[in-house]
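Structures for review follow.
First chain A sits with chain B, and in the next complex the same chain sits with chain C.
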Partner chain A sequence: MQEAALAIVSGLLYGCTLMLVATGLTLIFGVGRVVNFAHGTLYALGAFLGASIHAVAGLLAACLVAPALVAAMAVGLDVLIIRRLRRHGDMAVLLFTFGLGIVIDALITGIWGARSYVVPVPDALAGGVHVFGGQVSVYSIVLAVCSLAVTGLLVAALHRTRIGLYLRAAAENPAMAEIAGIDVDRAFTAVLAVGSAFAAFAGVLELPMIGASNGMDLTVTVLVFIIVIVGGLGSLAGAAIASLLVGVILTLGATYASSAAYLLLFAAVIGMLLIRPFGLIISRSE
Partner chain B sequence: MTTLLGPRSNSPMSGRLSWFLGAMIAAAGVVAPLMAPPFTIHLLALVLCYGAWAMSFGLVMGQLGQTSFGHAALFGGGAYAAAWVALNLSDSLLAAIGAAGLFGMGMGMLLGIVLGRLSGVAFAIASLAFGGMVTQVANGWAEVTGGSDGLVGLPFPRLFGQNLDDRALYAVAAILAAATYVAITMVLRHRPGLLLHAVRDNPVRAASSGINVHAVRIVTLTASGLLAGLAGGVSAFIVGSVAPSSLDWSASGTVLVMAVLGGVGTVAGPLLGAVGYTLFEQALSQVLPNYRLAMGMAFIVVVLLAPGGMRARRDA
Partner chain C sequence: MRQLLQLITALTALLGVATARAAEPIKLGCVAALSGAGADIGTRLREGAELAIAAASEIGGRPVELLVRDSKSDPSVAQQQAASLMSDGVSGLLCSSLSSESAALSAAARAGRLSVPDVLSSAIADEITGKNCNAWTFRTVPTATTIAHAVERFVGGQPGISAGGFYVLGSDYLYGRSSGRAFKEIPGIKIVGESYAPIDTSDWTPYLNKVSQSGATGLWLPVALGSPYVQLMIAANAMQLLHHVTVMAPTGLPQEIIDQLGEAAVGAVEPASAVMMTEPASIPVAEAYRARFGRAPSEGVLQSYVAASIMLQALAAAKDTSPQSVRDALESGAFSTIVGEVRFRTGDQQALAPLWSARIAKLPAPVAGSAFAFVSAWKYAPEDVMPPLEQTGCVPR
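Let's look at the complex of A and B:
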């Protein structure tokens, strides 16, 4: 029983990190209608940038600067390319972001080389907490709190501020929003920037846990897309719930079914898709 | 009738050019093993497997209109099935490749049943997740799949009592690629081709004129899985091993890049793309360690130059 409780706790913590990446992806799709196949690569880019900034100015600076750099890059790409490509349909944009992922990944290898970067846990956040007969690191709790706080801020901003209102209007009906005086192009650019920053931020936050290494984005990309599918394309609430679910299923599976953890997830997702092909919660903007 | 059965505007490779290409492939299949050095034969055999795989992918992306990021699960799945049979059951090529085809078929059918109701970007994402999960199963289920090491040390298989070498495997791959090309071309010339294009061009209209869209997608993905599985099975013997990375979404992405670079709207385009990609990769990786950058750039250029040329689908 204790074992299960511990697995659930660490699953929830893991799910919180996934949530940060997944809500970024969901925001970009839900509002901007862009399926960003480079999202996982941006997560890795955030980690590598963060590792370099950490070496110069520490982890806090990395948390601020790396996401800002990635967001700036996203703005540039949107203004230069994605904005124009959008009128050729969702699939053209998806294929572009996929190619972009290959290019960024190749650039990461070119700049940082084929080696891993390790960042120590900050002294203030070292140590562990005893729960259910096991141990959970303080840092992973801080990470989960950060992730929840940022996701909460995003939801609050979307539903409680004027800019959030504009974004939701642009998502709901771009043409009508345009008539009402909202700069839809700028709204889309903004969500792409914020969503990309989320991915990069997650990459930086994960540095003391897993470091930065080539191929670190492969598994995260798959998990995040599973989450987005299970949660329902474009639904933030769905993505948040699905992140926690996936985290718990993976850790529970790893505890009790060792090698078959993913098989369990696989079965769960397939069952889910057969019953509800469009995800847990169908987004309103769908 | 002639308008229906004659060369259609959306398959410009049909007609004389396609038969010329087929003849070229056949001629190359006969001549190359007699002349080329061993490594070249090995490489060309692999290229033909990738070509057959890319054509089976082109059937799904170009003709059915479903952009899959999980196609490596069908090809790599076939490779795993062949390797498992070769290591555990029989040294017969036909048994191994038969298992590969069946397994690829099964994976394709599963993909169709589970995700066939989705289209456009939703299918792309879901198929990525599908491929990712298959990869993780291969990674985790070490008793059968060898875990992260994969299945290694495949012996050369036997056919009609003969031990096959690289040259013979080259011939098998060439026959497979030619058969794949002919099979897809034939299917597209006849009624099933019309069904595929009806579903691709407008699923809603197809459904309202009595076509079972989901069934068409299941059957096409199953057929594509058979072809991809066979190609994967042959490739396993050429490479001599199978690893989980042959299943994951970056492998699926590679076949997509091949097909798009070669021209996904045609039957032979993906084959040409696979040949070009693999040979280009071989040439570039010698001089330019970061050749993937060039590949990615080339892919982006194609997407930007021809966003509608890749049969832009309306994602209803």
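Let's look at the complex of A and C:
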């Protein structure tokens, strides 16, 4: 029983980490209708940028600068390429982001080499907390709190600010929003920047837990797409719940079924989609 | 006079052709995992081969060219790339990274689909030179069973490690399972738990909690080299597991992780290492690597350096650069390397070379800029720990 409780706690913490990446992807799809296949590589790019910035200016600076750089890159890509491609349909954008992921991956290998970068846990956040006969690291708790706080801020901004109102309007009916004077293109650019920054921020925050290494985006990419689909395409609340569910299922699977953890996850996802084909929560803009 | 001029012209032309032929590079292939989960180790193997080839510069007046191909950490891609390199006329193959890739290459060679000598310097799964043994596959690193024998000797002399028993935590693929199986068969080893994680696991917390809860004092860790291994060690350190559990790493630990862990890594054991950065003969190579790549070499670099040195010496000794001649030279030669003289055993073609049991320690003086590294605890003659040929599963064709 204690073992299961520990697995659930660990799973919730892991789910919170996934939430940060999944929230960015959901936001980009929910508002911009862009299926961003490069999202996982932006997470990895954030981690590698963060490792380099950390080496000269520390983790806090890395948390601020790396997401800002990735957001600036997203703005540039949207203004120069994605905005034009959007006029040719969703498939053109989807293929572009797929290729972009491969290019960013190659850039990471070219710039940082195929080697691992390790960032130590800050002294103040080192150590572990004993729960249910096991241990969770203090840093993973801090990471989960950060993730929940940032996701909460995003949801609040979307629902309680004028900019959030514009973004939701642009998502629900772009044509009507244009008529109402909302610059839809600019709204999509902003969303892409914020979503990409979320992915990069997750990569930096995770540095002391998993470092930065080639291939680190592979698992995350698969998991966040599962989360976005299970949560309900474009639904932030759905993505948040699905993140926690995926984290708990994977951790319970690792605890009781070892190598079959992913098998359990995929079985659960298939079962869930049979019951609720549109995901846990249907986005209003669907 | 005209005839004399024609003769001179013809001779000059012939000389030119001969010179061009002499300067034609000798090609070696490098099928390494340069992307995907194995990119870390694949890159190290490529760098080790490059370093050895740069040091040799030429053989018989001909430069040596390394044709590098990315296996993408995928055994089927590794097979395609090796076949493509064979078509390109390579004399031999190096760099094969993961056990699953090396097993695919050795299976292809045994089935007659690959006929170019391949000197492996990373993969340890028994099958590669066991049931897949063939005329073309040579291996410089110990097998999982050899490592298990070394563990038996090491643990026998260090009862503290095994007091609370061992937990086996491996990656769920050929290497992890093969190493875990061999470890469990060691007489006198008490196993208190066992888990195999998916190869691309990034969250190791639940597995490490199981290790912690098992009360194990030793952790056998056949985890895929690359990002999962890095992530596991970072998580284990963050959870302070390394303070009360001795890590036994069948294939060592990446040097950058040792550098980062520092004191926390001290005491971790590599039971059977094929090469040691801190041995006197290796230090100049380690420093040369650092001068070229800006950091201390991981073991994979030096292992690949040894394999490439052997391949280059076989090329120099072979009567020509055809794969068959190079293979014959590998089979019959004795090669001088930084780990001493290396020969290959007739039958399974496993290297007959010294092995070390090593522990991570603080060095009296940094080597290649690193203050912590594996240092020799014991040195074994190959016959002390290698299983006899009849126990390897190898039935030579």
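Keep this in mind: the second predicted complex is superposed on the first by the 286 of 286 C-alpha atoms of A that agree within 3 Å, B and C clash if a C-alpha of one lies under 4 Å from a C-alpha of the other, contacts with A are read in each partner's own complex, and residues count from 1 in each chain.
Operating definition for what follows: a contact is a pair of C-beta atoms (placed from the backbone, for glycine too) under 8 Å apart; a residue touches a chain by one contact, two chains touch by 3 or more.
As the structure is a computational prediction, the values presented were derived from the model and not from experiment.
K.L.:
Which partner does A:7 contact after superposing on A: first (chain B), second (chain C), both, neither?
P.N.:
A:7: touches chain C, not chain B.
K.L.:
Does the superposition put A:128 against chain B (first), chain C (second), both, or neither?
P.N.:
Touch status of A:128: second partner only.
K.L.:
Which partner chains sit in contact with A:147 here, chain B, chain C, both or neither? Use first/second/both/neither.
P.N.:
Neither: A:147 stays clear of chain B and chain C.
K.L.:
Once the structures are superposed on A, label A:109 by its partner contacts, choosing first (chain B), second (chain C), both or neither.
P.N.:
both
K.L.:
For A:262, decide between first (touching chain B), second (touching chain C), both and neither.
P.N.:
In the superposed model, A:262 contacts both chain B and chain C.
K.L.:
Which partner does A:136 reach: the first (chain B), the second (chain C), both, or neither?
P.N.:
second
K.L.:
Check whether A:100 is in contact with chain B, with chain C, with both or with neither, and answer first, second, both or neither.
P.N.:
A:100 sits against chain B, while chain C stays out of touch.
K.L.:
Please work out whether A:196 is in contact with chain B alone, chain C alone, both, or neither, and reply first, second, both or neither.
P.N.:
It touches nothing on chain B or chain C.
K.L.:
Name the contact category of A:270: first (chain B only), second (chain C only), both, or neither.
P.N.:
First partner only.
K.L.:
Residue overlap on chain A between the chain B contact set and the chain C contact set?
P.N.:
105, 109, 218-219, 258-259, 261-262
K.L.:
Tell me, which parts of chain A touch chain C in their complex?
P.N.:
Contacts found on chain A: 3, 6-7, 10-11, 13-14, 17, 105, 109, 113-118, 120-121, 126-128, 133-137, 139-140, 208-211, 213-216, 218-220, 250-251, 254-255, 258-259, 261-262.
K.L.:
Of all residues in chain C, which touch chain A in the complex?
P.N.:
So the residues of chain C in touch with chain A come to 34-40, 42-43, 73, 172, 195-198, 200-203, 205-207, 209-210, 212-213, 226-227, 230-231, 234-235, 238-240, 254, 256-257, 260, 295.
K.L.:
Along chain B, where are the residues that touch chain A in the complex?
P.N.:
Counting only chain B, the residues touching chain A are 67, 69, 110, 113-115, 117-118, 120-122, 124-126, 128-129, 131-137, 139-142, 147, 248-250, 253, 256-257, 260, 290, 292-293, 295-297, 299-300, 303-304, 307-308, 310, 312-315.
K.L.:
Within their complex, state which residues of chain A touch chain B.
P.N.:
Counting only chain A, the residues touching chain B are 35, 37, 81, 85, 88-92, 94-96, 98-103, 105-107, 109-110, 218-219, 221-223, 225-226, 228-229, 233, 258-263, 265-266, 269-270, 273-274, 277-278.
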